[in-house]
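I've put the structures underneath this note.
In the two assemblies presented below, chain A is common to both, partnered first by chain B and then by chain C.
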Partner chain A sequence: MPEPVISIRNLNTAFKLRSGWFPAVRDVSLDVERNETLCLVGESGCGKSITAMSAMGLMRTVKGCRVTGEVWFEDLDLTTLDERAMRTIRGNRLAMIFQEPMTSLNPVLPIGQQVGEPLMFHRGMTRHEADEEAVRLLELVKIPDARRRLNQYPHQFSGGMRQRVMIAMALACGPDVLFADEPTTALDVTIQSQVLALLNEIREEHAFALVLITHDMGVVATIADRVAVMYAGEIVELAKTSDLFKSPRHPYTEALLRAIPRSDQDSKDLRAIEGQVPPIYDMPPACRFAPRCHLREEICGQDHPELLTRRGGKAHEARCHVRNRISRRSAA
Partner chain B sequence: MSVASQTPQERSGLWHALTELYHVFNTNKTSWVGLIIFLIIAVLALLAPWIAPHDPLEQNIVDALQPPSDTYWLGTDSFGRDVWSRILWGGRISLFVSVMSIGIAMVVGGALGIVAGYKGGRIDQVIMRCMDVLLSFPTLVMGLLVVAVLGANLTNLIIAIALTVIPKFARIARAPTVAVKEQDYIEACRALGYSDARIMFVHILPNVVGEVLVLASLWTATAVRIEAYLSFIGLGVKPPTPTWGGMIRQGFEYILDAPWMCIYTGLAVLILVFSLNLLGDGLRDAIDPKLRNE
Partner chain C sequence: MLRYTLKRLGSTLPTLIAVLTVIFVIIRIAPGDPAIAILGDNASQQAIDALRERLGLNEPLLEQYWYFLSDALTGNLGNSLVSGRSVLHEVLEVLPHTLDLTVAAIVIGVILGIPVGILAAVYRNGPVDYVARIGSLLGLSFPSFYTAILLILAFAIHFPWFPVISNANLSDPGDRLYNLVLPALSLGLIMVAYVARTTRASMIEALGADYIRTARAKGAPAFVIVARHGFRNAIIPIITIIGLYLGLLIGNSVIIEIVFNRPGLGKLIVGALEQRDYTMLQGLMVIYAFFIVLTNLVTDLAYGMSDPRVKYQ
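Up next is the complex of A and B:
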């Protein structure tokens, strides 16, 4: 297995509420390899974005928020770096794009200046060099007539174009890891696929690691090499995309896959997952999915399951007592 | 003006700033009117030593309180000094004091407001409470205080006016900063690793500068008045040096017999204030990129 470019170890991010500290992200460990697309999937509020933002070191300055664990990047534990050192890495080696392209660009600055700025800041380029590079970057993300568009303002760009600009900004310094936080959620379906295809194409060309956060299983199927399914702040299943879609092991993943509406089926068959994600202040003590799980057994309410792989099998981890026991037994 | 033909080289530096400014003014014609009137006043004041027909300090008791004539275009004051020449020379002082004091207040107050709004918490509390303290002093008391501590001269007059106006800029800059810092694009800036200083003064400042400039143009007009006020009670520029405020005050005593002293000097203040208000109003509309027509 090749060396991971970024390695998240036992990441915990907790928020302070009136009655104490509550973990929004619990014990997340992830390795992402160079030239790999890893998808973080899960429903709203399951901790996908918080995981990425914690890895970028963006959560630790937030009031009432505590991040523990390690984030290894090039022999450096990013969680031990001070803010000044972290700034030289953020936007330079690790980059991030956000969900809302309509509000993620500064409305009062021209596009060219915003795309060129990371280069001026991190690489010490002059305005002129940064402008030239900005043209190249805008062409890379397939914005037509890039040179003329340098002087335009964000409101003159459509949503899809703005998301391309965001991608151009994130790629400006040639990052090793790109976190994309639901980059296509706010876009039309046709534009979504264009942006995804573009991201994938650029990723292949520039060989960085892409961590794509999404709640759209269709997106996962199109683009991901590996998938990490998150539920209530934990990774519940981690597998190669093809394995996950072929034989999901965690009941939550199964339910998620069943819940994808299909055009060849009657819409009455659309199966939602019963119940709700437990609120952060009222987590089930053991398996967090237990209250909604159809496989629930006695142990699920008593013991917190570990993220385990099938013995002797492929790297396909799941956090489920029942499934892990069955697969153990069948393997034994 | 075609932006399309510009290459990045042309965009850079001073040229970039100038084309920006041109765009700003071109969107709003009234701001052109304001700017032109203001520039005419400024040029006339600057050229005073060469275009003033008389020495502004030369007293000629025989010609005291003369109505406007061929010799004295706008009449003479109680010491027989030419009102037109004194308006030209007085404009130099009045403009200098008001522009300087508001310039200082704008930079200092604006910066304090942005820092307070962006940093929040204790820093915000400390800065804004200091501003409240400054704001609680009436202009006159502040003037007395500064002059008592530092002595009465032009520099201290500027400091006194700036001190009374700084809190207003701090407040006007803080409010939009608090709103803007919650925006996604500021979070995006942090994700790009930018320093706080860069975020504040490259990304937040342009969002705030519209409000600040409008306030500046309006307060420059007020500063002309404050200067008159302080000069009158002897805290500012001392007679016989002409300032517009001082001249109005002096003319006030003769308003029934020789109204030209008040009327023409007052007119000068009026035109200056009017031009600055036009300018500020136009700037506010033009600086919002959403309102720009391309």
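Up next is the complex of A and C:
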């Protein structure tokens, strides 16, 4: 396996509530390679965004939030850097785009200035140089008539165009890792596929690592090389996309896949997952999915399962007592 | 921006005419005959009739309205019934004093209020914030005349640094400023409180916005985040409160002018009330209305400058 460009080790992000600290992200470890698209999937509130924000060091200034673990990037553990040092990496080597391009862009600044800003912070460019580069970036994300639009404001752009602006801004300094937090969720379906295609194209061209956060399995199927499925703050399954869709190992992943509507199937087969995601202050003590799981056994309520791969098998990890036991037995 | 400015300017005249109409109506529907009010109950019928004729009160209402409007808009506000001098002339004579006071109060409010508000928002729930919040609450709770009296007691009587009676020689800038300190502070401190509170609330909202997260994700330094991304967005409510309070300031300056025995519109209005100087009162109402309309115009133009979205709505 080639050297990962970013390596998240045992990341825990906890929030302080009235009755103590509660982990929103628990023990997440992820390696992302250069030129790879890794999708983080899961329901709302499962910790996908928090994971990415923690890796970017954006959670450290949040009051009542504690991040522990390691984030390795080029022989540097980012969690040990102070804010000043982290700032030189953020927006430069690591970049991020967000779900809602309307509110994520500053409404009172022309988009040219917003796209050029990282270049002024990290490359020491003047406003004029940054403007010139911004034109090139806007052209890169296929915004027509880029030079004229440089002085326009976000409200003069459509949703899809705004997300392109966000992408251009994130790419400004040529990052090594791009976190995209549900970049297409707020967009129309036709625009969604355009933006995804653009992201994919640019990723292939510029060979950075793309960590795409989504709850849409359709998006995963289109774009991901590997998938990490998160549930209640933990990674429950980690596999190559084709393996995951062909033979999901964790019951939660199975349930997620069953919840995708398909035109060639009767809608009666469309099954929602029973029950609800447990609240952060009331997590099941052992397997977090156990209360909603149809495979549940006695051990699932007693012991917290590890994220394990099948012995001798492909790199396909799952956090399930039942499935890991069965696959081990069959492998033995 | 040019189109917006022209459009906004265009709507100023109708507003002004509407306000003038209200003033005209109020004066007409107020009970009592102005002629009797001016001459007193013992005046002869002859004298009253003569005055009514002179004031134009015998003309048809519509004609009176037309004269009133055209006179007001061309700056002819009539002559004071007491001094016989032109109302506009008397107003212009004392206007610099009132403008000094109002402008100084706003400058104090902006220069102190905005930084305090920003600091309180950035260090929310910290010591700076608590001091700012308690201080501005105090500032809002004290009526301006009370602050004025306290200031006189402290800095004009106990420490005789500034004059008790502030009657500046307008042609001497030093004297003008020296006489302005205490009155401007008594008005300005309230302004500081208003501006600081609004700035704090508005900055807290702006700093919680998604685009601040974007700016941090870009690696923006703290100062850029607060000033460029935060404050630029927080400025609209601050302009609003300054614009609103400018109207209030003109009213409040009446009290301050009395306390400091300072010439100005306020003293003029109180004098006119005491002496039943109808034309003077009517003229002052027109002047005040004019200033309020002007303030709103400036406020709207400031919106247009600070928020690109305003122009297109």
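One rule holds for everything that comes next: the second predicted complex is superposed on the first by the 332 of 332 C-alpha atoms of A that agree within 3 Å, B and C clash if a C-alpha of one lies under 4 Å from a C-alpha of the other, contacts with A are read in each partner's own complex, and residues count from 1 in each chain.
Going forward, a contact is a pair of C-beta atoms (placed from the backbone, for glycine too) under 8 Å apart; a residue touches a chain by one contact, two chains touch by 3 or more.
What you are looking at is a predicted structure, and each value in this text was computed from that prediction instead of being measured.
**Student:** Which partner does A:R147 contact after superposing on A: first (chain B), second (chain C), both, neither?
**Tutor:** Only chain B is touched by A:R147; chain C is not.
**Student:** With the two structures laid over each other on chain A, which partner does A:M96 touch: chain B (first), chain C (second), both, or neither?
**Tutor:** both
**Student:** Per the contact definition in the header, classify A:R203: touching chain B only (first), chain C only (second), both, or neither.
**Tutor:** neither
**Student:** Looking at the overlay, does A:V135 come into contact with chain B only (first), chain C only (second), both, or neither?
**Tutor:** Touch partner of A:V135: chain B, not chain C.
**Student:** Please indicate which partner A:P118 is in contact with in the superposed arrangement: first for chain B, second for chain C, both, or neither.
**Tutor:** After superposition on chain A, A:P118 lies in contact with both partners, chain B and chain C.
**Student:** Given the superposition on chain A, which partner contacts more residues in chain A: chain B or chain C?
**Tutor:** B
**Student:** Looking at A:R127 after the superposition, I want to know if it touches chain B, chain C, both of them or none. Which is it: first, second, both, neither?
**Tutor:** In the superposition, A:R127 contacts chain B only.
**Student:** Pick out the shared contact residues on chain A: the ones touching chain B in one complex and chain C in the other.
**Tutor:** Touching chain B and chain C on chain A: residues 56, 58, 87-92, 95-96, 98, 100, 103-109, 117-118, 121-122, 153, 155, 166, 169-170.
**Student:** Spell out the residues on chain A that touch chain C in their complex, using ranges where they run on.
**Tutor:** 56, 58, 61, 87-92, 95-96, 98, 100, 103-110, 117-118, 121-122, 153, 155, 166, 169-170
**Student:** For a test of understanding, state which residues of chain C touch chain A in their complex under the given definition.
**Tutor:** Listed in rising order, the residues are 209-211, 213-221, 224, 228-229, 232-233, 306-309, 312.
**Student:** Where on chain A is chain B touching in the complex?
**Tutor:** On the chain A side, the touching residues are 56, 58, 86-92, 95-96, 98, 100, 103-109, 112, 117-118, 121-122, 127-128, 131-132, 135, 147-148, 150-153, 155-156, 166, 169-170.
**Student:** For a test of understanding, state which residues of chain B touch chain A in their complex under the given definition.
**Tutor:** Going by the criterion above, the answer is residues 3-4, 6-9, 11-13, 183-185, 187-195, 198, 202-203, 206-207, 289-290, 292, 294.
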